[in-house]
Amino acid sequence: MSREITFLIAGGDLRQIYAAKALAREFKVYAAGFDKNVVDFSGIEHIENINDMKERVDCIVLPLPASNDGVFVNTPFSKQNIPLTSLTSMLKDGGTVFGGKFDARTLRIFNKFGVDTVDYFEREELNVLNAVPTAEGAVQIAMEEMASTIYGRRVLITGMGRISKVLVKILHGMSADVTVAARKYSDLSWAEIYGCRAVHTSELADSIQDYELIFNTVPALLFDEKILKRADRDVLIIDLASKPGGVDFEAAGGIGLKVVWALSLPGKVAPISAGEIIALTILNILKERGGADD
Amino acid sequence: MSREITFLIAGGDLRQIYAAKALAREFKVYAAGFDKNVVDFSGIEHIENINDMKERVDCIVLPLPASNDGVFVNTPFSKQNIPLTSLTSMLKDGGTVFGGKFDARTLRIFNKFGVDTVDYFEREELNVLNAVPTAEGAVQIAMEEMASTIYGRRVLITGMGRISKVLVKILHGMSADVTVAARKYSDLSWAEIYGCRAVHTSELADSIQDYELIFNTVPALLFDEKILKRADRDVLIIDLASKPGGVDFEAAGGIGLKVVWALSLPGKVAPISAGEIIALTILNILKERGGADD
Amino acid sequence: MSREITFLIAGGDLRQIYAAKALAREFKVYAAGFDKNVVDFSGIEHIENINDMKERVDCIVLPLPASNDGVFVNTPFSKQNIPLTSLTSMLKDGGTVFGGKFDARTLRIFNKFGVDTVDYFEREELNVLNAVPTAEGAVQIAMEEMASTIYGRRVLITGMGRISKVLVKILHGMSADVTVAARKYSDLSWAEIYGCRAVHTSELADSIQDYELIFNTVPALLFDEKILKRADRDVLIIDLASKPGGVDFEAAGGIGLKVVWALSLPGKVAPISAGEIIALTILNILKERGGADD
Amino acid sequence: MSREITFLIAGGDLRQIYAAKALAREFKVYAAGFDKNVVDFSGIEHIENINDMKERVDCIVLPLPASNDGVFVNTPFSKQNIPLTSLTSMLKDGGTVFGGKFDARTLRIFNKFGVDTVDYFEREELNVLNAVPTAEGAVQIAMEEMASTIYGRRVLITGMGRISKVLVKILHGMSADVTVAARKYSDLSWAEIYGCRAVHTSELADSIQDYELIFNTVPALLFDEKILKRADRDVLIIDLASKPGGVDFEAAGGIGLKVVWALSLPGKVAPISAGEIIALTILNILKERGGADD
C-alpha cells in the first residue's frame, strides 16, 4: 500500500471527521461536506464548497449511511448538498468509493459510472471493533441510571455475540455477577468459560426475577409482556438490539419498568473511536488489495 | 448477634436511608431526621419528629460526618434539628452510637453520658468497599468526558492504594493500557503483577506526555505546573485525592488542561451501595463483639 | 427428556468411564468393554462380558474414535472384542448410537440395520469445551518445561480459534505479555480487545525473535526452517496443531530449538473433564430432540 | 547508581546463578562457589577457587539462606567451602554484603569487621514478587495431581495475603469457582472485589465439604482432624504454609486425603525468575541509596 494514496472524506458526522484525522496521520486527506465552524480541521485540507475540489483522489469515503435518499451524500453537518454523481469526477481512474450501508440506488449510480465501491460496514473487524464503544456506552448508561455500583449486581446479558462478549469482559472487570442467556449450547459453553452463569433462553422465565440489570443484544422479542411481568420492579433494562428491539416497550411502560433503548452508541459516546475504526477498516481493505507490495 | 437488636438511623442523606433499608431486612429499624416526602420508607419505622421517638434502641447510627458542629446531628435531608444530647435518652443501657468521622466535640458529649461510640469510617473494610463506588464513579466521569472509548487509551494511575487497585481491575476489563506510578517498589511490583506497566513516581515526568487519561489518588501535589506543562494538551485528569488534591488546578486552568476534581463519589454515584456498605460494616462490628454466641 | 432413558457405554478409555459416571448421576447406565480391575464402577452396572448384556437400552455411547477398523468397537481398556454388529441387538427400537469420529465403514453397519447415529465430535460445544483441557494442558507443559514463571514472559499464540481464546484468558490471569498472530483482521481485533498485542501472520518473521514461549494452534507449516532460524535459541514451542502440525520438527531439531508436540491433551491431562464434556454433549443432543416435553 | 559497581555472587543454587546473570547484563559480576561443570557462566567471570579472587568488589551477594552454620557460605553447588571471614577482604571499603535470612552468628562476623549487611529477604517487593512463582508452582501441582481441569472446580484459598492474591488472579484466568476464607473483614471484602466468594474462617467448617481443591497459605493449624473429616474424600489439599504448615498431615493420611506440602516453590519451579527477583531487589536497594544522583 503506497503512502501516496489520497482521500476525500465527503459528508457524515463527527465520526467521519475523526476518520479523516486518523487517515491524515499518514496520507493526504481532503474533507468536504462539513460547515467550517463545526470542527477543527488541522492536518486536513478542508474543502468548503465541493465545487472547489480540483484534485482527483484515489479514495472517496462516504459516511454511514452513505446516502439517505440515493441522490445526495448524507451530510448532517452541512447545509450544502453533495450530489452523488458529482463525486465520480473527483475520483482517479481505478479509484474506490468507500461507504457504509450503501443503498441500491446509490450503488446503481456508481455502477453506472464503472466506479468500484466497498461497503466498510460489511467488514467483520469493523463490527467487532464497534462492539467496544457499544458495550462501553451501555455500561455508561447503566452507571448513570443506577444508584448502586455495577459491582455485585446480578446482571443478565442475552445473546453471546460480539457486543455480549465485550460486555462480559467489562462487567467481569467490575465483578458483577453475570448470567448469559443464549440458545446455542456452544454459546452457553463460552459464557461459562468466560466465567458467567449460563441459562438457555427457553428457561429464562424461571430466573428473570433475579436480575437487577439486563442488557439485551438479541433483535427478537425476548422480553414480551409475560416475561416482563415476572421481572423485578427495580430492574433496569438496556436494549441494544437494532429495530424492532427486543423489548415490548409498551408493556414495560405499563408495568412501570425502566427501559433504555440505546441505538447507534459508537457515534454517540465515542465518535473519535468510531471514526478511527472506519479509518482502520479502510486501511485493512487497501492492505489486502495491495497484495505483495504491501 | 441477636436478631432482636433495634436501630435508630438518625440524619444523613440517601446513604443513611439505604443503610436503614439494608438493616431493616433483618432488624427493627427506626429512622429520624428525614423529611417525609423525600424518600420511600417501606420496611422502616419513620419517625417524623424526633420527639415522637418513644422506644429505646440498641444502636443509634449517625451519618458521615456525624455532626457538622458538635451540637446537632448532620441532617441535610431535614429542616428539623436533632440535638446530639437528645439521642442519649433514646439509647438502651449498654447501647452503642455509630457514626462516621466523629469530631472531638461530638465525642465529648457522648463520653460525658458514658455512651459507647464507634466510628465506622475508621474500619478498613468500609474504606476497601468504598473504593468500589469511587473507582466506578471515576470511570463513569471518564466515559462522560471523553469522546473516545476507554479501551486502548494510555491511562496513568498514581498510587497503588485501595482505589487504584479497583481502578486497575475495572480498566483491565476495558483493555485500557494502564501504567501505575508509585514510590514504593512493592507497589510497583503489585502493579506489574496486576498486568500494568509501572513507573517510579520520581521518573513520572519522563513519560507524562504519553497519557490520555490520568487518575490521581495521591493527596500530594504530584501534578505541579512543571509537570502539567509537559502533559498532552488533550489529557483528561480526574483527581480523586481528598483536599488539597493532587493537582495545581490554577496552573492546569492556565495551560488549558481538563481537570475534574471528584470528591465523595460513593454518596453521589451509588448511594444505595454506600448505604449498604455502612450497614454491612456496622453488622461486622456487632458480630465481632458478639463473640462465641454469634 | 425423560429420566427413564438408559445408556450403554461401550469401549473407550478413562474418558468414557467418566462420561458413564456423569450420566449415572441421573440415568441408568451400563458399561462394557472395560476389564474389571482397571477402574471403579460404583454407580454403574458393569457388564464384564458383552454377551451378558440382556437389557436393551435407549442409547449406546461409543468412544472417540468409535472404532479403529470399522469392525470392532475401540476398546483400549479391554482384551475382549466387541463387534459393532453385536450392538444393534442391544438397542431399543428408535434408539441412538452416539460416537466420536465415526468412520464410513462403521456408519455403514449401523445404517444397514436402520440405526440412528450421532457423532458428538461434530458438536460445536464439545469442541469449545475441549479447548479448556487443551489450553490448561498446554500451560501445564509450559510450566513444566520452563525454569521461569509464565508471568512476564513474552508469549506468542498463533491463530485465534477456540484453543487460542482459552489460552489468552489463562495467560492473562498469569500476566504474561501475549501477542496473537492471525490472518483475519477481525481475529486481530479480537486479540486486541482481549488485551493482547496483535500481529498479522504475514509479518510474524519481523518479531519472531522476541518470544520466549510460543503456542501454535494453526495446522499449517507456519514455523518453517527460515522462521525458526530467526527465533530465540531459548524459546519453547508448544505445537497444539493436529497432524501434520505447524512446526518443521526436523529443522527445529537441527537448530536446537525445544519443541513439544502436544496432541489429544483432554484425554491425557483431564480425563474426568473430557468424559463429562462427552456426557454433557450427549444430554444436550437429547434435550434438543426432546422438544416441548423437555 | 553508577554502572561501575562490581558484584561477587558467592554460593547458592541456580537462583544465585540467574541473579548473577541478571546483574551481569549491566554490571561486572564475579561468581564463586559453583563447581565448573554445573552451569553456563557466559557473561560472568567465574572464580573456580575463591582464593583466586584478586579484585575487590562493591557488593557481595550471598544466597538464601546466606549460611547454614554461621561459619561457611551456603554452597550447595560446590564441594569447596567459602569461610564467611574470607569474604571481608574481597569487599571494597564501604561495600555491602547482601544475603537472605542472615542468622545472628553470620551477622556478628560481618559486624565485627565493620561490614555493612542488607537482608534482601526482608524486602517487601521480593516477597511480593516471590508470590508469583509460588502461586504458579501451586497451580502446576494442582494440574499435575488432578485428572480434571482447574476450570469449573470449586476451589478454596485460605488467607488473603500475597500468595492468595496471585492465586486468585491465576485461578480466575482459568474460570475456577474460588472461595477465600479469611478472618479480617477487609480481607473478605477484597476477596469479593476480586470476584471470589468469601467465608469467614470461623464458618469454614460449614462449607468445607464443597471444595474440590484447597490451597492453604495460613501457617496455623486450620485443617485439624475435625475439619478434615468433613472434607470431600476426593479433595486435593496443597499446603503452601511454612513450617509447621496448616494441615494435620497425620490425620489427613489416616482419613486418606491427598495432601501436598509444597515449600520453597520459587527456587524449585522457577529458578530463573527467583534469581531475577533477587537481582532486582538488590538493584532497588542500591537505587534507594544512590539518592539524587540516580
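A, B, C and D label the chains in the order they appear, each numbered from 1.
One rule holds in what follows: contacts are C-beta pairs under 8 Å (C-beta built on N, C-alpha and C of every residue); 3 or more make two chains touch, one makes a residue touch a chain.
In this text the structure is predicted, and so the values were computed from the model without any measurement.
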item	value
Chain at maximum distance from subunit A, centres defined as averaged CA atoms	D
Same vs different contact residues, subunit A with subunit B, by half of numbers used	same
Between B-C and B-D, the pair with more C-beta contacts	B-D
Geometric centre distance via CA averages, subunit D-subunit B, whole Å	37
Distance from subunit C to subunit B - Cα centre to Cα centre, in angstrom	49
Multi-chain contact residues (two or more partners), subunit D	132, 151-152, 169, 172, 175, 193-194
Subunit D residues touching subunit C - in the complex, by the definition given at the top	14, 132-133, 136-137, 139-140, 143-144, 146-152, 169-175, 269-273, 276
Subunit D residues within the subunit A interface of the complex	151-152, 172, 175, 192-195
In the complex, subunit D residues that touch subunit B	123-125, 127-129, 131-132, 166, 169, 184-186, 188-190, 193-194, 202, 281, 284, 294
